[in-house]
């Protein structure tokens, strides 16, 4: 169902515009850095523009990813389709992706980067991969984009990374690959199941979800568990959930600034996105059965990540571990599955993308000047770089969930939602608040405050125009989303409601009449309400 | 039983490609003997021959020469593969051969003969014809292996390839003899009849041994563990352009013949001892090939072991033995041809000539000096690793899918595990290309028109087939239908 | 006045204005100083003027607005039987997801009116005071922007109509205290103190947040209409256990914010911030937020009597505990800090015995005299060129008379001398403690009153009486502070004298207005009235105790003379009299050390272990080991390719044989 | 396998005997191929194997009274000749490059 | 052609000759002797061929194998003047034992299988029936009808062999 006069191929444009830019760059004669930067910037801005168009045209009452739908045969011999579409969830992440890419490119314009052309190309291709996996509705197409993402990131870390970049990038690649290959087999298996159950050869998520929710697959519990496991593993490695997280710190530490931003900002979110889009709707029973297990892992992750972060001496590593902790909270919210928890989880995905992206951006600013990430090499630089300090403080506060900034909304809703399911989970998860304050404030204190000990910092220069241009939108959003979270929440509530409905049969008590969330709007009710009733 | 010395036009049309190839090969031999100065044009002549051969092919279909040979989607497929392999070998190799002054006409002639043999091998419906095709192909390759006959490594490669090949031929013949003795025919078409007909021969040990002898011989050509020993040495010692051909078309032909024979014997699908047997062959090859490739530093040896592993994936299709599997494996082979050739293009271009080994280190920093070559090589590595959106992914996808569909999930998992290991060494190449500072100044031979074209062609195919595999799938399905009769 | 939201938003605007200007200015300055030393020169006059005007102006406007709002309301509700209905104004829906809907809505009722009055009033005075006190500071602009931000947060906290919104202010004030304690960020201990404060508060907020969800779960809403529901015992499914839990969780939050045992540790360190900050945030307003919260939720607390008792005992314990520490401090601000903790204890004691209005009354009076004391101490410190050690002071009464007299008044007030403010509020607390039959609590409170009198008079004596100690030079130049500082002092002093009259008890012929006023918005469980006679007896008793404390302190410290040693000898004498206990007291019961040893050190150790041990060794160990093993396997297997063609032939044959055997055997 | 197929002229010697002889020859050839160290001898052994196969073909042909077997043998002999030509040429080249045809001494390419 | 009993004797003698000299060929250390002993084996084989009603093949056996191929071998051996294999002991005991074992095992297994295999059904016949005593015309006819294509391929094969041999045995490149 294509909602809007805007061309049905808007999504194709969105996804492949960056590739186009990358191609232009690749065949750009000569080595004019300015031209390269200009082309890359223009491309990313256009892409962002397209995503904004989509946002303007989007009708949030849609709960299923069928906005701007495109459905064409790709490999008709095997029922594989070029099927794209959006719902609030993917749209939110798309906006985040395009925005962060713009920031990254802006920042990279402000810093001295060798072989910048390749750098820009890699990021544009990466953007295509990310956007593709966000809007792909054919599981195989999704898998293709999912894998495509790996390669540019492999180059970004491997070519422009730090000292141990090769180890880091291989680790990143292999960890992710290990997960996704299992998922690959699972996809094939599921397709086979679908074929035998319905006689239709299809990899389309919509078909699968319909069959799954109508129980047409008749999966044996063990089989469903295995399939769910394979899917979940692929996504949880990406998240990354404890104990699969150890690739993240290395990757983050070694990656160049832009790499870290995108990695933390978007790639991790794709893990949770995958859980929401695939693992949970396709295998609700297994999801329900193993939810508690995931929850326990998530809880461990929350405390563990924070605790280890508190022991770090390297700024990036610290932020990386903080991501482990925060994403674990998101996973917990997904597991809890109540309306608030899901909304919170999605909100937190965006929020974390902004705050952590900003944190990495600012660390990158410092790094580009001093070429060290050790906190000990800084200290007392607040007076030297007031603006950076201010922004960093805002990012930090957003990250530790200070009310009025975006971090709080996500945390509050997740915890609230989890509280409805299990007070104990909520209590354990809430310790993250305290621990978060401990390590992040320590970071701020060690880096920016105290006496100016290191002489080298006396010549430290503050954030420059390009970098500020890259950072500003993030800061603005961090504050805006904190004060006015409604637009984002309404954007995703349709998806949330669908997700809950998918889980209804499993845990009816999870779905309550969503009070005042505007779900009484006919758009959703006509489709959702009857089934929801039936479910009770 | 066709008449005495009776050859119809259709018969000739059926084998037209071979005729064209053989004819041009002879022409080149003559030219080389009497008009040496025009050596520089032999590559173009060869390409012309290939083009014509392809035009000549696929005009008729059915059985010809009294049912000894056939023309079908399958032969069409192998024609394309064989000619493609030669084309890429020539495109990529011409420059380096010219540099080493080893661009005698025989090289191209032998390649063409070998291609003809490859085609005959698949075209043959009578096992005798298959054998002759096999021999034609192999003999040419034996000679090509020793092309740099003053280089010890080359002659050693030739020796090993030749002795093993001869041994394999003996086994092949033993198998044919047994089949002939037990069933009474060497015609695949007739075999097809036998199992269904009332006069069914109980599948006793002797017949099994005979079949296995053929399987072993073909596995040797395909280079499946444990019949793989020759591959690394020959790859390393043989001149690279020839390896480009050797590592692709013959393997494809041998695999297809294997499938045909098996399908002739078991039209209803593989029975009990056979399916696990091929599954084991596949699994062992995948694991062994990938693991050992991980420890190689010589590019060609690494590619040899990777080839062993890749053929293991192909063998999964043999174990699966459904039409989808056939289709998948054909796509896989086509993709492997392009991808592997792309890999050898750069290797062939590496300086130092055939006398020096081509180690991983030689690639260091190539990304800076020859971005195009480096990009194509990287692309082919990704394709070999089966990462989308390359044709390598499509091939693996189809093969695994078929396997999973027929319940061979375990095999698929092993395959997946293998690819995980393989990422280790494929990406190592990429790493050396782009992320390692060059040690000495290793450069490519000046990228002439031909190799440039080859780079672009292979890259384009790897991506195009990866993104829009429909056409390829169509071709493969045509061939698969011949294979599976459905 | 139907635009309550303007009250908090005005200071916010001030914050943004001041903040941006200060930021730009400082970044310009950073450009200039790049590479050079960092000279903390004062700001140019114009910029200072700007910051001052914006800072004070925005708060002043807010104050005007708020009084315009609360005065009519107060008068109205005093005359209306049962008080006026609260004014609630919704601005917009903040968030709505699942079962959680939170509006941004502001509420004016007796409780918030009371808070509003002194928050804006004292806040304004302290802004004015700061203009003088901070004038030489480089971070002048930053200071005022933070102060404004604080006012915004505090007013949000006070006016919020729902727990979540209250929590916004709650954390906001925490942030500001963090920023302002760390105002001298280039001093390690300041930065550390700020962090400590924030984290201690977070520990409390941990409970607070869960408590909020608990309220949601109990009542289905978290805006203060739930108080009414609670009054009507309209729980969704009567869940006493839940109620206890929620009360305790909320109280944990209160403990963090209001520095009750065991979370009080941050407040003394918070003195690292500029003195006006200590006065405003860490004495008058923010730290009383906890009491405000308990009072706000009083209807809920009375449903859980045991929880209330716990509150009472925590309060009492804190009161006496902090007081004892206060006895032996030599840093003038530390003494005041501990006294603040102790007074907060009183307030919780009051709430604990069900006398919420008494607690709020003490909050009210305390705001004035404690603010006065802090500002006075600030004036002293400034005149002593940033000397805070009382042992180096003495005989300042003549040098800075205004400061002396105002502080002296405030001291008497806090000591609870009739008829100053402290007397009435404290007496109301002790009275209700006795009335509610908690004689144990009463006794503790009484004794603490004595201690309070003692250490406060000790402070005054050591600072103002006797001869000058320490280096004469400082005393030569000790001079009275400018009017911007003394005027607020006088005003506050005046209020500390008269503020108590709002709550003159019936026993003294008063009409106990404050209680009647607050009744509208706090719960008041049945406390059987005491006879006026017994009330009077109790008053006399507490007065007596206070006086005793004063005299005692005078005897020890009053004639404090001579050089430092003499006094320190006296201190020794104090220890001699009190023995090991005294030393322990002087070391603040070694609480900080204990925490370090028991919690912080292990926390760090375990963290490091998990990182280096579990992550690096175990998980990565597995990953790297498997990778290594595969490589190794490859290095072994490659030798099967021996390079000898005969071996290949053999392998070929063996393979064939194996296949045959396989087919044969199956 | 004793005896010929129905409708074929009977044999004095049971074909099984021929087959066994052929098989044994094949095995001997194989043993030679595996045990000899001289490249020529190895190839010689392989030639023996081919001949063994030829004998099989002939026997089967006789059993079935079918000429095809003999036809095949004709081709095999020709192929063997071709192989011999190429192989011996390779040995010559090999000898020139290595000064030996002892396969145990020729292992530049390994691992 | 001798009668049944005689045939047995001839068969026994010929096959003994073939097997014995084949063994001799294997155990021989000197290439020349190996070749010569193989000559004898081939003679034996051609006798067996005659017993199997394939006199033409028997002739070919003598002409091509004994006459051409083996002589070629001898020629090469002389050209490279190969003495007997290096006197030092075979330094590959594993190869030796395993090789011997597997060869014996396979020989035994296949022989046994061959003996136990039942007489197969007639099945399809592809070639013409064997006309005795004179099969050559039939062979010829077959060769140029059914096997025409194979014959053509064979010609290519020989061409390649010739070219290859020429190429490889040339010393210089030009």
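Every chain is named by a letter (A, B, C, D and E) in the order it is written, and numbering of its residues begins at 1.
By definition in this document, a residue touches a chain if its C-beta (ideal position, glycine included) is under 8 Å from a C-beta of that chain, and two chains touch if they have at least 3 such contacts.
Note that the structure is predicted; figures quoted are calculated from it, not measured.
Chemist: According to the touch definition, list the chains common to the neighbour sets of chain C and chain E.
Modeler: Expected: B, D.
Chemist: Between chain A and chain E, how many steps is the shortest route if every step has to go to a touching chain?
Modeler: 2
Chemist: Is the C-beta contact count larger for A-B or for B-D?
Modeler: Result: the pair with more contacts is B-D.
Chemist: Counting in whole Å, what is the centre-to-centre distance of chain B and chain E, each centre being its mean C-alpha position?
Modeler: That gives a centre separation of 30 Å.
Chemist: Starting from the mean Cα coordinates of chain A and chain C, work out the distance between those two points in Å.
Modeler: The mean C-alpha positions of chain A and chain C differ by 38 Å.
Chemist: Any idea how many Å lie between the Cα centroids of chain C and chain D?
Modeler: 100
Chemist: Averaged over CA atoms, how far is the centre of chain B from the centre of chain C? Could you give it in whole Å?
Modeler: 79
Chemist: Touching two or more other chains, which residues of chain D qualify?
Modeler: 1, 19, 26, 29-30, 33-34, 37, 42, 59, 63-64, 66, 68-69, 71, 75, 79, 82-83, 86, 89-91, 93, 96, 103-104, 106-111
Chemist: Give the residues of chain C that touch two or more other chains, as numbers and ranges in rising order.
Modeler: Residues 627, 638, 641, 643-647, 649-650, 653-654, 656, 660, 664.
Chemist: Of all the residues in chain E, which ones touch at least 2 other chains?
Modeler: Expected reply: 92, 95, 99, 102-103, 106, 109-110, 114, 117-118, 120, 122-123, 125-126, 128, 147, 150, 154, 157, 160-161, 164, 167-168.
Chemist: If I apply the definition of touch given earlier, which pairs of chains qualify?
Modeler: Chain-chain contacts present: A-B, A-C, B-C, B-D, B-E, C-D, C-E, D-E.
Chemist: Can you check the complex and tell me which residues of chain B touch chain E?
Modeler: 1-7, 11, 15, 22, 26, 29, 36, 64-66, 68-69, 101-102, 104, 106, 109-110, 113, 116-117, 120, 126, 128-129, 132-133, 135-136, 139-140, 142-143, 146, 149-150, 181-187, 190, 193-194, 199-202, 204-207, 209
Chemist: Any idea which chain E residues touch chain C in the complex?
Modeler: Touching chain C from chain E are residues 92, 95, 98-99, 102-103, 105-106, 109.
Chemist: Using the touch rule from the top, collect the residues of chain B that touch chain C in their complex.
Modeler: Interface residues on the chain B side: 159-160, 163-164, 167-168, 171, 205, 208-209, 212-213, 215-216, 219-220, 225-227, 229-230, 232-233, 272-274, 277, 288, 291-296, 421, 424.
Chemist: Quick check: in the complex, which residue numbers of chain B touch chain D?
Modeler: Against chain D, chain B makes touches at 128, 131-132, 135, 139, 142-143, 146, 149-160, 162-163, 166-167, 169-170, 173-174, 176-178, 180-181, 184-186, 232-233, 236-237, 301.
Chemist: If you look only at chain B, which of its residues touch chain A in the complex?
Modeler: Against chain A, the touching part of chain B is residues 327, 382, 387-389, 393, 397-398, 400-401, 404-405, 409, 412-413, 416, 419-420, 423-424, 427, 430-431, 434-435, 469-470, 473, 477.
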